[in-house]
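One chain, subunit A, appears in both complexes that follow, with subunit B as partner in the first and subunit C in the second.
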Partner chain A sequence: MSSRPTFSEEIANLLHAAHGNPIRLCMQCGTCAGTCPSAPFMDHTPRRLIAMINANMKDEVLASNTYWYCASCFHCTVRCPCDIDIAGLMYALKRYSMWKGQHQPELIGPVFSETFVKTVFRSGRSYEPILATTYLFSFGLQDFITEAQAATTMMLKGRLPLLPPRIKRLKNFRRMIGRVIPVGGLE
Partner chain B sequence: MNQPKKLLIIDDDPDFVEGIKAILESANYSVDVAYNPKDGLKALSTLAYDMLLLDIMMGRGAEGIMIARKMRKDAKLRQIPVLIITGIREQMAFLFPGEPVHPRFVEVDELVEKPVEPQLLLDKVSALLKAAESKKDQAE
Partner chain C sequence: MKRYAYFPGCSLEKMALSYHKSAIESARKLDVEFEELEDWNCCGATAYFHIDELLAYTLSARNLAMAEKTDLDMVAPCAACYKNSYFTNEALKKDPDLAEHINFALEEDNLHFTGKLSVKHLIEVFAHDVGPEEIKARTVRPLEGLKVAAYYGCQILRPRKDHENVEQPHFFEDLMAAIGAEPVDYPEKLLCCSGSLIITSRRAALSMIRNLLNGAVHSGAAVIATACPMCQVNLECYQKQVNQEFGTDFNVPVLYFTQLLGLALGITPRRLRIGSELVLPTPALSRVRRKPATT
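Now for the complex of A and B:
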């Protein structure tokens, strides 16, 4: 039937639910890169990343940190003259690299996402003290102390919960998630 | 001589597809591939297949599940045996350590986890085809 898809087609397949996100139509205007608040921290700008995907540079794309530094502000998506959902594309790349286990090893993003989903899955709410400790130690001592000080202040003001929050009817919530992701033969 | 059985693979991972396609073709099955759920559903509804090999984690998440659900609602597609081949435990293991991940969707289905042994794959495929056939005979 269909022949082996190229890398850019693989990415398009990941996005097919987004009505064939037209990354091929990118005209390299650079609006996304100019808009992106995280661009200074990325090793390739979003504009360059799209060009690399269209050129099927799979290894270079997966080795870049661009998609993990995306802050999901969706400013690029809103401003793109070609109607490309660039933030959606970044999510697709995150999924792709996590499913294949091919991303830069020392990134915080994958660990953070994993812990976030796990916490929400278990208790129905996110819980910052657990979330923060998953990545806090990878920073230097100075940053750690600054973060800890900020957390203490927030806790004293009652802005940071001491105990993990729980939602009502957690069982129903889990069943709901089971509809989306097949867990424990719930279907 | 019997016609070779027609199988359809819906999986977005070209490397994996190439592997199992080669295994199945060497066992004299005729194999079609769809690399995304949309093409997969189109192929299922337009052509007649004897069996479907389905991946779970595709597109925006567990889109294989959506295909299975649509198949269950369709009286004709419900008859097709489904072999779910998934790496979901590896991909999302942090979510459910040690829990079974086999929801039943259609009358005849089975789940194997990636990476799959060639012999196990062939055994499961022929067992499912046989089970579906005997079910059909019973109905008649």
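Now for the complex of A and C:
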């Protein structure tokens, strides 16, 4: 007989394939929270989020913005005295929440990641102006104007591409991607 | 002559073209040659790992397999490209099942990953492989009197790759000292530039950038040196937004370390594409004391 895994077991399984120690070893020292440059903007610090996962507070964890505020700086990961890959945990939560379609709807992170992946899938390379469209609808007018001004200056300085770049063997590239993700998964 | 397989990455095509040009020029002066991968693709940045790990590994593995064909070690100037290539190489070497799965995908492009090369960041080529002594000896125009904040950022050092010093590194400062510049004590040198949060979480990002600029100004730096296109763009191109948001008055030039290195090696600013910045470095650079090189 199998039983349904708890949320904390699910997250542990997500991290299982990665290196580093399981989050149940966390001793709640708070080094991650003190190190994280994004912590002041998070609903819960990384330390608190780990405690919440270990307490199976699934809805609260998924509803938090914490993991989408992780900038992948890995400062917590290299400092954790229990050798837990905390930044890796944030990645796992991002994937989990996108897979379940459960994240704060106003977050830009998930849309940005998806747009990025689709752009690269289409051309093999990333293209900044397309990425810009993700925040076009998400920010206010003032922000957009400031952004457009900066973009125009960069364009004039020859630092923004006019046309999307693409790799030469794009057909092979896309067939290669097709072998690791289900066909139609990204289209 | 040292040779490497070179994976420039998407940013260096346009946004950070000055990094690309100055890297190639400076390398040539030091008898280092970069052979660009013939059909490299995006490393996936952080976004691919947000969606699917296997997909992210596949992207980097394609570049690695192309580099392996050259029988050279691979060099990436972008911190994110470097981190992704490095860890994909390690993950695939450690996990033959994963490598087999990804090799099945690579067959579509007639490529095969074996795990025979090592991956380096561009700054390692200059700071370790060539080394500060050699660079000092080749310096014809030392940047005397130029106070530089050597900014490491994140992914060059983290996650930890081997036994490197991730808390108190000094190879970047050593490199700056080798070209005659004066590296300042910059306590924020290892903090994050906010990466892609500049797009996804603007307020948090601007606050992190402000902190870094503030630290550089307080340490007396006339210029910030970076080794990553994301760091350069966030620190430089968003200074105006930081000033608007916080009522500050930052005007700090942010150059790639290869541009400073190139100047010291006697390459003209034009060839290093100095002048394509939004915050012009000319006033800071014009204060460099000119004096003939001592041998």
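Structure notes:
Just so it is clear, the second predicted complex is superposed on the first by the 178 of 187 C-alpha atoms of A that agree within 3 Å, B and C clash if a C-alpha of one lies under 4 Å from a C-alpha of the other, contacts with A are read in each partner's own complex, and residues count from 1 in each chain.
One rule holds for everything that comes next: a contact is a pair of C-beta atoms (placed from the backbone, for glycine too) under 8 Å apart; a residue touches a chain by one contact, two chains touch by 3 or more.
Note that the structure is a prediction, hence the values are computed from the model and not measured.
By the touch criterion defined above, A:Glu9 reaches subunit B but does not reach subunit C.
Judged by the number of subunit A residues each one touches, C leads among subunit B and subunit C.
Contacts of A:Gln28 after superposition on the shared chain: neither subunit B nor subunit C is touched.
Look at A:Thr152: by the touch rule set out above, it reaches neither subunit B nor subunit C. Of the two partner chains, subunit C is the only one touched by A:Ile108; subunit B is not. Taken together, the two structures place residues 17, 95, 98, 114, 117, 180-181 of subunit A in contact with subunit B in one case and with subunit C in the other. Against subunit A, the residues of subunit C that register as touching in their complex are 10, 13-17, 38-42, 44-55, 58-59, 62, 101-102, 104-110, 154-155, 157-160, 166, 190-192, 194-197, 199-205, 207-208, 211, 237-238, 240-241, 244, 276-278. Those residues of subunit B that touch subunit A in the complex are listed here as 12, 14, 17-18, 32-39, 43, 56-63, 65, 87-88, 91-92, 94-96, 99-105. Remark: subunit A residues 17, 37-38, 40-41, 68-69, 71-75, 77-78, 85, 87, 91, 94-95, 98, 107-110, 112-114, 116-117, 120, 124-128, 131, 134-135, 139, 143, 146, 149-150, 153-154, 157-161, 165, 167-169, 172-173, 175-181 touch subunit C in the complex. Of all residues in subunit A, those touching subunit B in their complex are 1-2, 4-5, 9-10, 13-18, 95, 98-99, 114, 117-118, 121, 180-187.
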